[in-house]
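Each of the next two complexes has chain A plus one other chain: chain B in the first, chain C in the second.
Up next is the complex of A and B:
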């Protein structure tokens, strides 16, 4: 292995870990803010460090400190299987975290003829990895519910296992349809397939090529992540907190964070499989590399526009009504953030000018495009996470027999039908 | 009678309802509209920036913190009849009576304590009082303290509370 390969591997791994772990506080905050705004209230916006509230993100870090400092309460009625009781949240969390690692954040970089993957685990069987690891997550839920020795927890665990039999088959079959279409089990190759066009003008994203399988995939992944409308295992209005009832402090936080990591992972899988991954529509990596100066110039135009909109939005909304006596340092924060954002924009512009006109190093262009693709990936990821959150605050919960009915009577036959049609079309096209 | 029966059609059996996705689309449209509107102008969200912003909609009938009223000559209106303490469902009023020397009545409270941590703010004491001596028209809705004893209000504190709606003097037997 060359030095560049080692460096890229380390950076990709760090990036994967950061994207999975650092998004947890952001997602918790996003959930609370989006819930608030959907319900015509504000959500957490008070916590700040020296006047910097960043829209309230600081609240999540305060919550982390709170959970860490809480008493590590251990229910005394649990006599047997203590170690598994402690291990269960870790299983859920680790499964969600590991499943995320196979996702590519950018197209493979080609340095000195060596193709280097920008994903935490440089494997070319990412779909299998994802399916194998993410299915373990529910074991943590079942163990936790079973070993809590609590009626509600047991009911939660029973519901979780009933969920597994409902969604796993449609999930697997819809992914199978994508594997047939893309003819690969490699996430990166899937994204590359989706970079092209379809009927000449549509981006060949999975959702347009395979709409039925895409819907089944999204529904099944909502079920897999235990998010609404499939929170039957928690069922907070019926069975207290379901499998989490006996868990406190960091043990609870592990389940809690695991849910968000799983949501993040599901979003990443959805955008990688059906929304073109790290690519912007109609544009493939080769096109970007060939027309690098065009790309750089258009980015030079787009970035200031986006930053201007952001600054205008911040100046309008990071304020208080005139009736409020003090703004709690919001004015100062807006000023500092405006300067920081303008400074970063100027830096990006300078780098782009240098890359577009002053140098023609292929490596520098390559790195710039990789960074751009990572940014696109993160933006798409966050957009889909917001969609997850929006669905949670829109749709009421299914009863768990309804989930089974949905899985077995509707999704499974549809997925099977879809595979037949896909197979016929793929064989017909390749004749 | 039969003319008054209104038959509500049962929804959920049509193909569109069974698909479930159009309903989700409609729901997401509503929630997204709210999200976008509030994201665009968060100051228009109708919430109170408490405590920087104080509520303005407290009416004269609002049951706030208690006060003991004065007579026109600034002496205490209470005659220690124990009616409020008897009416109190939370048993939070503690009165000790003493002989009155200022020529108004025979009795007055020596001590008058209200444990606001026990109080349920039902207003029965105000209803029971024959002398209009206890009122809940201070408009104070939040009481803070550093320990439990701070919340047990004595006679002096209750007399010091001002009415927020212009009726300062007790209106009985002037």
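Up next is the complex of A and C:
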């Protein structure tokens, strides 16, 4: 292994861990703000550190401090297996975290003829990894629900496990349809397959090539991650908090964070498999590398426009109502953030000018495109996370029998039918 | 050296998990032991550089078998009092493991020379496994699936109430 391979491996692992862990506070914040948006209110936006609110993200860090300082309480009726009671949330959290690690954040970098993967774990069967590791997560739920010695917890665990078992089938079958279409089990090769076009003008994203399988995949991933409308395992109105009823403080937070990490992982899998991953539509990595100066110039035009819109939006919204006396802290924050944004834009522009006109080092171009693809990946990831959150706050929870009926009566036969059609088309095309 | 130490840790996990599975009175702890043993087995496959088999092991044994058995545990609600009373359980485990030692040595002697009869393979990718399964090994593969189908039909027949008993109940 060369030095560059080791450096890339370390950086991609750090990036994977950061993307999985740092998105938790951001997602908790997004959940509350989007809920506010849907319900026509503001959501948390007051917490600040030295006047910096950042739209309320600071609230999530305050929550973490609260959860860390809370009393660790053990229900006294849990006689045996306290260690497993504590281990259960960790199993769920670790499984969700590990499942994220096979997602590619950018196309493989080619340095000195060596192809280096930009994903936390450089494995070439990411789909298997995701299916295998994410299946472990439900075990933590079952252990926790059983060891709580509580009827509500037991019901929640039974519901969670039976739901996961029933939705694993349509999920696996829809993924199978994608594997047949893309002819690979490698996430990175799947993204590469999707970079072409389809009927001449449509980007050949999975959702356009395999619409039925894509819908089944999205629905079953919603169920697998225990998100609304499939939150029967923790339905407050029926079974208190389900498997989490007896959990407090950090143990509860582990389940809570595990849910968000699982949601993040599910979004990453969805965008990698059916929304073209880290690529922008119509443009493949080779095209970017060949026409690097065009790409750099167009980026130089687009970045200032986006930043200007962002600054104008911030200046308009980061104020208090006119009837209330002005808040100096917010003005100060707006001023500082504007300067930071303009400074970063200037830096990016300078780097792009240097790359486009003053040097023609292939390595530098390669790194720039990798960074760009990582940014595209994160933007897509956040958009899909917002979609998950929007669904949670707009669609009511299904009844338990409706959940099972949807899985077994509709999704499973549809997925089977889809595999037949896919197989016929693939064989017909290859004849 | 590293390989041997990883192997011993995995073997300890597998042995401990298996013993915990058969000796524990609470069914869920048995399931946890089973889980640990299965993950240890997957680790063994990974140690042999057969990463596809390792993941398939986790997917099938952990994702399907353990989860389904735990689901069964949740639904049948087996209580500790209903379990058979087994005094001197650990004594029996020790005695029986001493009794099977000669057989284990025999197995070790036979199996440690088996690998010379097989051709060396680099890493096994999923494509190679799939192609082999559906070309050279298609008959055993299909026979195994018929076996599984028979087992499933048998389970359904046993679980189904016969017409007689259902009439008697109603």
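Definition applied: the second predicted complex is superposed on the first by the 429 of 431 C-alpha atoms of A that agree within 3 Å, B and C clash if a C-alpha of one lies under 4 Å from a C-alpha of the other, contacts with A are read in each partner's own complex, and residues count from 1 in each chain.
Assume a residue touches a chain if its C-beta (ideal position, glycine included) is under 8 Å from a C-beta of that chain, and two chains touch if they have at least 3 such contacts.
The shown structure was predicted, so the numbers you read here are calculated from the model rather than taken from an experiment.
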item	value
Chain A as common anchor, with chain B and chain C clashing or fitting	fit
Which superposed partner A:317 touches (first chain B, second chain C, both, neither)	first
Partner chain(s) touched by A:80 [first = chain B, second = chain C, both, neither]	second
Partner chain(s) touched by A:185 [first = chain B, second = chain C, both, neither]	second
Touched partner set for A:390, first chain B, second chain C, both or neither	first
Touched partner set for A:40, first chain B, second chain C, both or neither	first
Partner chain(s) touched by A:142 [first = chain B, second = chain C, both, neither]	second
Which of chain B and chain C A:359 touches, first, second, both or neither	neither
First, second, both or neither for A:128, with chain B first and chain C second	second
After fitting on chain A: smallest Cα gap, chain B-chain C, Å	29
Sites on chain A touched by chain C in the complex	80-81, 84, 123-125, 128-129, 131-133, 135-136, 138-139, 142-143, 145-147, 154, 157-158, 161-162, 164-165, 168, 185
Chain C residues within the chain A interface of the complex	26, 28-29, 32, 35, 51-52, 55-56, 58-59, 62-64, 66-68, 70-71, 73-75, 125-126
Complex interface listing, chain B residues touching chain A	21, 24, 27-28, 30-32, 34-35, 38-43, 45-47, 49, 52-53
Chain B partner contacts - residues on chain A that touch it in the complex	34, 37-42, 215, 313, 316-317, 319-321, 323-326, 328, 390-391, 393-395
